[in-house]
Amino acid sequence: MKYISEFRDGDLARQMAEALAREVQPERRYNFMEFCGGHTHAISRYGIAELLPPQVRMIHGPGCPVCVLPIGRVDQAIALALERGVMLCTYGDVMRVPASQSLSLMKAKARGADVRMVYSAADALKLAQDNPLREVVFLAIGFETTTPPTALVIREAARAQVKNFSVLANHVLTPAAVTHILNSPEVAQWGTVPLDGFVGPAHVSIVIGSAPYVPFAVGYRKPVVIAGFEPLDVMQAIRMLVAQVNEGRAEVENEFTRAVTPEGNRAAQAVVAEVFEHRESFEWRGLGVVPDSALRIRPAYAAFDAELKFDLTYTPVPDHKQCECGAILRGVKRPTDCKLFGTVCTPENPMGSCMVSSEGACAAHYSYGRFRDIPMVVETVAS
Amino acid sequence: MKYISEFRDGDLARQMAEALAREVQPERRYNFMEFCGGHTHAISRYGIAELLPPQVRMIHGPGCPVCVLPIGRVDQAIALALERGVMLCTYGDVMRVPASQSLSLMKAKARGADVRMVYSAADALKLAQDNPLREVVFLAIGFETTTPPTALVIREAARAQVKNFSVLANHVLTPAAVTHILNSPEVAQWGTVPLDGFVGPAHVSIVIGSAPYVPFAVGYRKPVVIAGFEPLDVMQAIRMLVAQVNEGRAEVENEFTRAVTPEGNRAAQAVVAEVFEHRESFEWRGLGVVPDSALRIRPAYAAFDAELKFDLTYTPVPDHKQCECGAILRGVKRPTDCKLFGTVCTPENPMGSCMVSSEGACAAHYSYGRFRDIPMVVETVAS
Amino acid sequence: MSIKKDYIRPLDFKNGRVDMNHGAGGRASAQLISELFARAFDNEFLRQGDDGARMPALPTGHELVMATDGHVISPLFFPGGDIGSLAVHGTVNDVAMMGATPLYLSASFILEEGFALADLQRIVHSMAAAARAAGVPVVTGDTKVVEQGKGDGVFISTTGVGAVPAGRRLSGSLAQVGDVILVSGTMGEHGVAVLSKRESLEFETAIESDSAALHTLVAALLAAVPEGAVRTLRDPTRGGLATTLNEIARQSSVGMMLEESAIPILPQVDAACELLGLDPLYMANEGKLIAVVDAAHAEAALAALQAHERGKAAARIGVVTEDPHRFVQMNTAFGGRRVVDWLSGEPLPRIC
Amino acid sequence: MSIKKDYIRPLDFKNGRVDMNHGAGGRASAQLISELFARAFDNEFLRQGDDGARMPALPTGHELVMATDGHVISPLFFPGGDIGSLAVHGTVNDVAMMGATPLYLSASFILEEGFALADLQRIVHSMAAAARAAGVPVVTGDTKVVEQGKGDGVFISTTGVGAVPAGRRLSGSLAQVGDVILVSGTMGEHGVAVLSKRESLEFETAIESDSAALHTLVAALLAAVPEGAVRTLRDPTRGGLATTLNEIARQSSVGMMLEESAIPILPQVDAACELLGLDPLYMANEGKLIAVVDAAHAEAALAALQAHERGKAAARIGVVTEDPHRFVQMNTAFGGRRVVDWLSGEPLPRIC
Amino acid sequence: MCLALPARIVALSDADHAVVDLGGVRKSINIALTPGVAVDDYVIVHVGHAIGQIDAEEAARTLALFAQLSAVPAEGALG
Amino acid sequence: MCLALPARIVALSDADHAVVDLGGVRKSINIALTPGVAVDDYVIVHVGHAIGQIDAEEAARTLALFAQLSAVPAEGALG
């Protein structure tokens, strides 16, 4: 697989690990946040943590769109499906996000809701066209990467005058979340979350470009390296961050030059701008209400806005009392700090959203990294 | 089972058979038509034919509402279900009536039509109330016996203002059919169907009374005995007909006095009159278009008339070329006269409607009487 | 981290429902198996915990018998049983009808997404109780989940294995002219009990399904007559007495002549069938058998049936006749004669 | 009237569909059985025509093995097979994994009203061909029909019976620390082949399901090493390699350490999984086995697998370790280490 | 035509509904077409509706007529 | 975040759709967001849409950088 396999090479990885071990200053501690769940997933799945020197600590950020979807939003979707009889379409990852009353879209489906997993927003529109007597709602989630396809499908629905299709939009904005974290008391005042730099999002940046991260480097003096999601990309980005820290620089660097430019994908930005406008504020699971951090459908496309069409009101719902997702998404805690981790909360029965997607910090650690929590003895006994 | 078991007594039957054997005049032939499928069924199921003297021949009449339902009407119902997406409700017997293109309601169901078997017209209305988003159509069939419940449910739907319920009414009238047969060339001119009297309908007469049959006795000089559907009732009715013939009388006699009065059920007649009016003509399978032989929903209840609601037009469709149902329903032929009987046409794959209901002449003979077509040897061999 | 129990959160058998995860083959599937199926059916073979089960060799001098049935009944619960007990009895009886001793059962569950775990639990417990009562353990099984609208609560396919003495031959093809036809009891209760709970037909009756395992009755019958005297055993399930007799007549190329007045039918079964326009001879039974027996031993066979708890109402209902047309006929109680044909189509309630 | 053939109008396998009559147990059911099932599966046992089948005693010195699986796959036809062949292979393999020789199959069909007879015929013929190729006849069966919207075309539950030498013990509970873990070939083809035809996921690939009967491969393996050297055989079906290894680890209370680079996976399987965000270790296989083998005989076992047509790509993928937590772990090809957990939930395509 | 059966009314449920008994089987039916029926009356039930009533005296008379006729086997033809 | 993969365009179906190949697996995707892509271009596919393109030269440069850095193990810290 060209442009994939080369970036997973084990020999290169070992050499890079050795280089990194030499490059870190022994007395120094490097605390980097990988904003994206994609990086979290790569770190866990490929066992990158094993290859990092002890001086480097990776902090998982809030960059998983499934994880930050608040309960109240899932509740809206479930109510549409269970009470209003709509055919609710969404991406597979969203099906198991816990909502109120021990429900999830998957459990609502088992209670008779018509919930369909789609691979693409276009599939949802097609379902609407194939079922003209049904109301079809696409529950859209995602960061800037996923917004352009949603915008396209809304424009397409408008062109084709599909009357029974609408979108419950939950598209959120990366820079707002980074700002929020940098301004959080743990980072800005108390320093309980020491943050020496960011591994920046690869696929978000394909769309928005690298330029939007310059303010963090300039204004907050934090190094940012935009990195691909293959494991060698991640290791290389860490090396680049280590170099910036060692040299006292704070710049936006781009490891993912093969797909990210400073200005991003103009065509994608244009269709998003045509269909969406900023929301004043939006609730993120874990981060709370973040100003100017999400998109809403423009009045010109109001007919396709499920919130207007079904006159939905948003009721915020607090997370499970003992769930530490919020603190974990802000980098304040680790999954194993949560009392429910691995006992009450598992991927089969997630109590919080971080345990749902394999990009969630809890799920990634549970599925791939749990062995690290216990001393492990490998004995080979000839029998 | 009171009022049932007593009328099935085998000892009485034997004695009555002996009496009947003495009562017939040896040289005479007695050709009686049992108008009703109910009598056809009783004769076959209880083996009454075995108990009749050879002089008495029973001719099966058109009194099976399933049998006389023409193909074009079933086609309408199938089209409503398959093409218009309605939930089509009907009585169980109707499910297998053959329609055009080798279809039946049961086969249409296997092709995705939503066809529901109901026990009562009221169940169809309830389905409409339980499924307010669906159009529910009740395919109503039946003679005067079955019309009052349909009338009641239409009145009830109107009272409850159920907007998604309508009735495709195929209620037909017994006296018109009898008149038609008496006027048919086979009976009236050619004499190929010698008719010495009628066993008259029991349950129809509960509703309409015995009086409507007087014209046949008076005008056509045919004895009529209204008889219950239990086997002793049938035998007794035959004895009464034999007596009328022997004595040269032609009267309407009532064997079923325990439930039939001359005037019938006034309450039932009233609700029928409120909801239904006469149709100028109606096609009967086998008999063709018979004037003034069916009912239609009155304009006051037009909202519940599926023919109007769905703007249905009626297209008559000829029966299977080799199917002799028509001649059989007129008493001109017997099931075994049909080349398809028992080979191409069986109850599993009925080619004609007479093979559908166990009240149909072909089905009754196939299911109960076939052994009579062949010489039978019963040998008991000790092994 | 200490070693965690396998499932910290047990299944919610009160309010929980089957979801797609329970069938995906992962940890949720394993939990359903261990907390419900393994516990309810527990026996030494199932406890092996593998994808199949290993059991001892058959008793010497015995041959192998195998029978299977899918159970798809609606409603799932009916007077006198449920799909769980039925799935045991239906297959145990098919093995027994071969003259074999039923030894082991397998069970394949196909669950519909959304099915209440409480109902599933009730069914599995009933099935386990039936298996225990019959002495035939469920030794291996499988569970799948299908999406809502692609199943009907639960389907259960069971397969039974049994051992039959090598010399014994029982088959629907062995009926001989002159043989006597026996039934082990009253006909039609199961069919009527199920119909009484069908939506839109509902009626009240004291009739319960006769669903029961018949292998001890078979053993008693076979012990009472010489080997070979019983030609055919068959349980008149779907299609009822009428259809099952027609099957045997066709297999053996014979006719049959029944006496209507000899066929035992409960008055309430008769009444319910009248009400629905159905014929009790076509109503399913799940705890009765038909025996075609050498006339010379018919009396002993009948006595053996009647001496058993499950055969008290056993009766001699007819004889096997020579008939190239393989008609099953009946002298009616009324005094006439008629064909008793195969069931044609579904037994739908009749208005005409 | 002359004697009529049983069914004057044969089933219309071109345009016909299953309707409720085919499951009512009457003449239509009998016709479907005789014109399709009996003809396709024809063998001396099925030909007995009874509600069960009688077969000879097991070979002496052998014990009985029984396994069952319900098959509910969607789509019904996929590259490399269909639900019919799968229903044979799936159960033959479960019997084989016990170290037994599969002897007989039973089949329970649950058909949905409206299912095209042409599709049913194709499936039954494929099933019959698979059974013939495997030398394991379908000796008894059952067919039910459920209303449209209460099934999904066709479900097939098969049960297999086999014979295992009395001294042989193979079980998921017998893995020992130090044992070697082998797989008989590349992982994940079946799962990917099926997903490639799922509505709304559709992609084009040359990958075919690996669906195949493995009993001759098992026989070759067991013949190559001393009795007892093979501790466990298991086919990594639902849940894939990862889940099946976790099952064994739990049953035997051991851990496992795998080498990612040693696990054979076709490049196209890898690519398809990348595309869908899935992991090939969780993709189902239907013609592969996992063997846990005494390290001393691992080489001989591997050679025996590789010498067989179905085991050419067999590989040694890891070892059994001591681990009270029963973790299955893996050294990644990248150089790290990670847990290889049970499948959790359904393998849904992932966007994140 | 039209399957219909005599059954005894065992309870009146409301103005339009009653429970009937037939040989121990009970079913709720509609009695709107037979105003005035009372408990213990026998009605004729068709598609879930009472469409008429059994006149007990007439029934007895019919049965008596059967019995009488068959009891006089030697008397020859009727009337 | 957001699973996305580089795949080669093997055919343009219409203005908005193309078939891509990833290791022998082919899938139809939407290319409306990457106007101007041509056969043999590598695009980045996310939820069935091409959201960007791979710059082959940059990719080669990145790989070269990896190799170079790791090939000079003795030179110590970067930069």
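Letters A, B, C, D, E and F mark the chains in the order given here, with residues in each chain numbered from 1 onward.
Note that in this section a residue touches a chain if its C-beta (ideal position, glycine included) is under 8 Å from a C-beta of that chain, and two chains touch if they have at least 3 such contacts.
No experiment lies behind these values; they were computed from the predicted model shown.
The minimum number of touch steps separating subunit A from subunit E is 2. Common neighbours of subunit D and subunit F under the contact rule above are A. The greatest centre-to-centre distance from subunit F, using averaged C-alpha positions, is reached by E. When C-beta pairs in contact are tallied for each pair of chains, C-D comes out on top.
Taking each chain's centre as the average of its CA atoms, subunit C and subunit E sit 38 Å apart.
Averaged C-alpha coordinates put the centre of subunit A at 55 Å from the centre of subunit C. The distance from the centre of subunit D to the centre of subunit E, with each centre set as the mean of the Cα atoms, comes to 62 Å. A straight line joining the Cα centres of subunit B and subunit E is 21 Å long. Looking at subunit E, one finds that residues 1-3, 5, 22-23, 46-47 touch two or more other chains.
Annotation for subunit A: residues 1, 4, 37-38, 64-65, 91, 106, 119, 123, 142, 146, 346, 348, 359, 370, 374 touch two or more other chains. In subunit D, the positions touching at least two other chains are 1, 20-21, 26-28, 147, 267, 270-271, 274, 325, 344-345, 350-352. Looking at the complex, you find that subunit D touches subunit A at residues 176-179, 200-201, 255, 257, 261, 267, 270-271, 274, 294-296, 319, 321-323, 325, 327, 329, 331-339, 341, 344-345, 348-352.
Listed in rising order, the residues of subunit C touching subunit D in the complex are 1, 3, 6, 20-21, 24-30, 48-58, 60-72, 94-95, 97-98, 100, 104, 106-110, 139-144, 146-147, 149-152, 155, 157, 159-162, 164, 166, 170-173, 234-235, 237-239, 243, 247, 250-251, 284, 324-325, 342-347. Subunit A contributes residues 106-107, 109-112, 336, 342-344, 346, 348-349, 370, 373-374 to its touches with subunit C in the complex. Contacts from subunit A toward subunit D in the complex involve residues 1, 4, 8-10, 13-14, 17, 37-38, 44-51, 64-66, 91-93, 95-96, 106, 117-119, 123, 142, 146, 231, 346-348, 357-359, 366-371, 374, 376-383.
Those residues of subunit F that touch subunit D in the shared complex are 1-3, 5, 7, 22-27, 45-47.
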